[in-house]
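Look at the two complexes coming up: subunit A is in both, with subunit B in one and subunit C in the other.
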Partner chain A sequence: MTTATGTASGQHTLASPVGTSPAGWKARWRIRTSTALLLAPATIYFVLFFVVPLGVLVLFSFYTYTNFDWTSRLTLSNYSQALTNPAFRAFYWRTLWVALLVSAIVVTISYLFSYIITYVLPGLRRALYFLVLVSLFGGYLVRIYAWRTMLGTFGIVNKTLLAFGLVSHPVTSLLNSDTAIVIAMVNFLIPLGVLPIYAAMQNISPHLFEAAVDLGASRLRTARTIVLPLSARGVKAAFAFCFIGTMAEWVTPQLVGGPLNQFVGNAIQYEFGTTLDWPLGAALALTLIASVIVVLGLLAIPLRFVYR
Partner chain B sequence: MRRRPSTHALMFAGLSIMGLLAAACSTSNSTTNNVVAAAPNPASCKGVTLHFIGFPGEDGKQISGAFQQKYHMKIAENTSADNDQMIAAIKIGQPYDLMSVPMWYAQRMIAADTLRPIDTSVLPQWKNMFPGVAKNSLIEAGGNTYGVPVGWGDGPYVYNPKLVAPNMLPKTILDLLNPYWNKRYILFNSSSNLSLIALADGYTAASGTSLTKAQFAKVTQQGKELVQHAEAFTTSYSDGTDRLVSGDAALDVGGWEAMVNFAKAKGVALKYGFFGDYLGGWFDSLGIPATATHSQCALAYISWLMMPKNEAALASYIVSGTTNSLSVPYLAKSDRIYDYSRVDHIVTPTQDVTTFPDPTPGNTVPAGDATLQDWNNAWLQISAGL
Partner chain C sequence: MALFLFVPFVVVVLISFNSSAAVQLPLAGVSLRWYRQVAGDPLVQAAFERTALAAVVTAIVSGILGLTAALGAVRLPQRWRTVVFTVPLIPLAFPALLYAIGLATFYHQIGVGFSIWATITGHVVLAFPFAFLVLGAALERFHFTLLEAAHDLGASRWTSFRTISLPLLLPALLGAMLLAMAISVDEFVIAFFTAGTQQTLPLLLYGRINLGVFPSLNAIGTVLLLISMTLAFLAARTTTLEAR
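So, the complex of A and B:
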């Protein structure tokens, strides 16, 4: 049995019931073994389906590609290409720009939505929350195709614009553009944005609001000084979900983007598929992972100072 | 204080190392690429399941029910793979006995050691195959043949006649650079589009798709304009059909006659045409992957599929031309989408001989010419908007 004890700093630690006697060592060994056994399935799963594939990817990224095949002669040239080829840089910048835009839009909408259903319309909270979640039930591809139908030359958006006389010809730039990619991605990611922000807001004690009201704070000030700082973790999580999801995209640009709206994911697919340059594809994929970590790290720094 | 590694951390590290070693080993080429040569005898294949990876219908499963029943064999299909996934599946050692070998990918598949050579002398019908496909260098390497052609077609573009003025139909791919076509056509995301430009420029008549650097620079520049003016990249023939049917695009550069049928089922009439200078054409073969566990039975099955009546049924099923000259009489009138009247060669409605040009350079080119790597790099730059 373990017991929780308080420390001078107010944190709780677990005090071990076993001492240094042989019996204590035995008990400790038993606890460790049972812990290891309990963790084993998840660990094996993690190793097999995450660590090993990632390891293979790392290994491949150093291989040498020649004439549709690769050899285990190790080289850094794949990383050199991934970082210096202007085409890849163009793909990276475009992907980064769209990912930041999509994440910002999703977080803003999700925050407002979560705030409204939590504090403005608490009576409709469950129904509205369910409505957001329900969109997760629809298939990803189904939604992409739905947007393609709606944004198309003869889609409902153009028909509406024409019916109201807002345009004289169908707007052909809606589909197969960055706009279409952003719209489709925002629609897809909003539930993933709402979930962490809503959860963070639910954890804010109502007593803090009572205190704020008692002290004469306006609703806006309460939101700024209480809700925003205390839901910052949810915002960070939502942003990270959206950013990672968009950076890794390649299907959406392919289906609703134009020929010049491709992402770095499409370049990776091109290298793995069309040219069969798996080592370069692996280097690009790892560079993408690294760039996501760097960008999220850079974005976290100012947030850390603002909302500790 | 430094912590000692816990039991599960050690286990984690151990498994990681084992996994990585296993992965590293799996990247070495452990496949066997001996010629599949013995005279095919399906009677010895009782109870065998042939695993196929490739394009829908090309394994002939739907037309070989009697064969499967007679010899107690089964065909298991994986038709969800595209060209790249087929190569990937074999490279990582997945066991398949039959594989689609599209002509445009055949040389890559061979170079990547994913196919076993086939001794065509043991195939009784081989001598009756149309030479345009059977004697084609695209499925040959080092004196070996790596595929048995099962279907062929030409290279049309497909368009929505309601959205295109008849007098504006393109004569060459370069006509699409006319402002009339701006953001109205779609094409595959493939460097093979450059070959259509090279053809229109008159560069490929004499030298195949091997271009000098100067020629290639011009073709690349035109390719850049072609992509800039395109509406979208299409991902498949059905995707292309959807875009034409919805009216989001008026013309699909990389078309297939079957798209007209696909669209008819959706209540829209599409038409197809040809770039006047494009002889075009494609053919797909059945190959035996390097990972095949029943290569002899696969060859026996292929041999059966090649028989005139069977090949006619297979070609009809996959909406293509037949590859066996003796199959033509077995084709129903409605299935004769091509003109077989001059059977010395395979002919199309608009041209005498389909020569099946390789749309991209071969794996090796004359010194100083643009290599396939150059083509792929150029296409990458183009699609990046540079």
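So, the complex of A and C:
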């Protein structure tokens, strides 16, 4: 722990010119070594428990599967199966359109929320942001379970609809549908959407906003010409987070989507948990990552023209 | 919108106090019978202990890794510092399912069986970036001149660490560790693929959801929510994560 202090004061020696004398060179070398030693544990941990496991996953995707087991003979057949099987293709399309829909809804709600707490109700800003922040870290599974209870035939959503006379019979199609997936996913992704958008808005100088208002710009015009372009980075980050999160989701479709509304994630979980075809599961996972990158890349192209 | 965010929590918490076995609102009456049932369930007790173990170990390991890495990172030249503070964002944005199956294939390949310890190694990967960023932010605000002053006044390295660095960094370290615990307690996907038969509370909850609708599920869910939200709340209060 004493190195901690040594490093801390060492920063100044590093910033100030030490000179080229042998003593100065020695001091610099000592500082470099201790910096490296401080960064080493976390780096080693990450290589061992993050980079290597993903490497093993890539390796597995080329293994040969036979009868609930696999051999290390390398093959491309897992990929051809992942890409050509019509059942998987249906999963890919469902996952993709639900992910796009969920991300668009989350970004819209998060944007309005961040805008309101920053510019319309600044008095409540800290309290509301705090609530959102805390809810980011709690209750992933509990939330999904709650929607399962609420959207059921005798759940509170149906009871409310019946009480207000909006429907005459309980709506049985609320649960086990894409709608249920979208509602539950939007619900737990909102904090993830608010975080980057809110942060981007706090970085906009309030003087710019005031100047625009003083020069006679309407609220809408100020929002469109000042706030939106300057918070575009936050919007992009929020969209990407939500899109990645939804594309690789499997618990929500399983618990509220029902057996007919499955995602690629469910196929991966099935290959890993039930058929034990890990190589195919790994190939599905890697094609999923590839498709996430491709779609986000394609979406970024038109954005570049809008916010040049 | 804040209402929409908290509706699921409110529903689960309310139903957990229902005196009848019906999983619906309005409540038939208020009782603690489901909490009593859950408290006497040996499987729940075992899962609770494992969840606590995972949370504490994750907090300690990611606290140590976060502190050493942050102390190293602030000494780098600005150009490198930006890179070093961006890299830990990769596991944050990386989909949990894909990382979880990667970790499962990894342990299988090296011949180590699934257990709560395998899960903990994954939880540290999720919690470390938060610890690193929180501690890094605290160190950026740290006045290193204080240490020089202490040194000039004759304090030993250990004395200045004990009387200056530690008290000033302690809130951030504590916050980072609380956040790590909150993440570990609530984590489901990595535990699902790597814990094997050693169930944590979220795994137990998931297993029972699939078996059917039990009123005691709401009590387990409420306990889980209470623990992770309290930890997250305390973490947000101790660190400046909420700053600005």
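Simple rule for what comes next: the second predicted complex is superposed on the first by the 269 of 308 C-alpha atoms of A that agree within 3 Å, B and C clash if a C-alpha of one lies under 4 Å from a C-alpha of the other, contacts with A are read in each partner's own complex, and residues count from 1 in each chain.
What we mean here is this: a residue touches a chain if its C-beta (ideal position, glycine included) is under 8 Å from a C-beta of that chain, and two chains touch if they have at least 3 such contacts.
Fair warning: this is a prediction, and the values are worked out from it, not measured in the lab.
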Room on subunit A for both subunit B and subunit C (clash or fit): clash
Partner chain(s) touched by A:F60 [first = subunit B, second = subunit C, both, neither]: both
Touch count on subunit A, higher of subunit B and subunit C: C
Which of subunit B and subunit C A:P191 touches, first, second, both or neither: second
Contacts of A:L255 with subunit B and subunit C, given as first, second, both or neither: both
Which superposed partner A:A290 touches (first subunit B, second subunit C, both, neither): neither
First, second, both or neither for A:T149, with subunit B first and subunit C second: both
Which of subunit B and subunit C A:L128 touches, first, second, both or neither: second
First, second, both or neither for A:V120, with subunit B first and subunit C second: neither
A:T172 touches, of subunit B and subunit C: first, second, both or neither? first
Which of subunit B and subunit C A:A282 touches, first, second, both or neither: second
Those residues of subunit A which subunit B touches in one complex and subunit C touches in the other: 35-36, 39, 43, 46, 52, 56, 59-60, 148-149, 154-155, 255, 272
Partner subunit B, residues of subunit A touching it in the complex: 32-33, 35-36, 39-40, 43-44, 46-48, 51-52, 55-56, 59-60, 63, 67-70, 72, 85-88, 90-91, 148-149, 152-155, 172, 175-176, 254-255, 257-260, 262, 266-267, 270, 272-276
Complex interface listing, subunit A residues touching subunit C: 1-2, 4-12, 14, 31, 35-39, 41-43, 45-46, 49-50, 52-54, 56-57, 59-60, 109, 112-113, 126, 128-143, 145-150, 154-156, 159, 187, 190-191, 199, 202, 240-241, 244-245, 247-251, 255, 265, 268-269, 272, 278, 281-282, 285, 288-289, 292
Subunit B residues touching subunit A - in the complex, by the definition given at the top: 6-8, 11-12, 15-16, 19-20, 22-24, 27-28, 82-85, 87-88, 108, 111-113, 183, 187, 189-191, 227-228, 230-233, 235, 239, 246-248, 363, 373, 376-377, 380-381, 383-386
Touching residues (chain side subunit C, partner subunit A) in the complex: 1-2, 4-9, 11-12, 15, 23-25, 64-69, 71-77, 84, 91, 93-99, 101-106, 108-109, 121-122, 124-125, 128, 132, 142, 144, 147-148, 151, 157-158, 160-161, 165, 179, 182-183, 186-189, 193, 202, 205-206, 209, 213, 217, 221, 224-225, 228-229, 231-233, 235-236, 241-242, 244
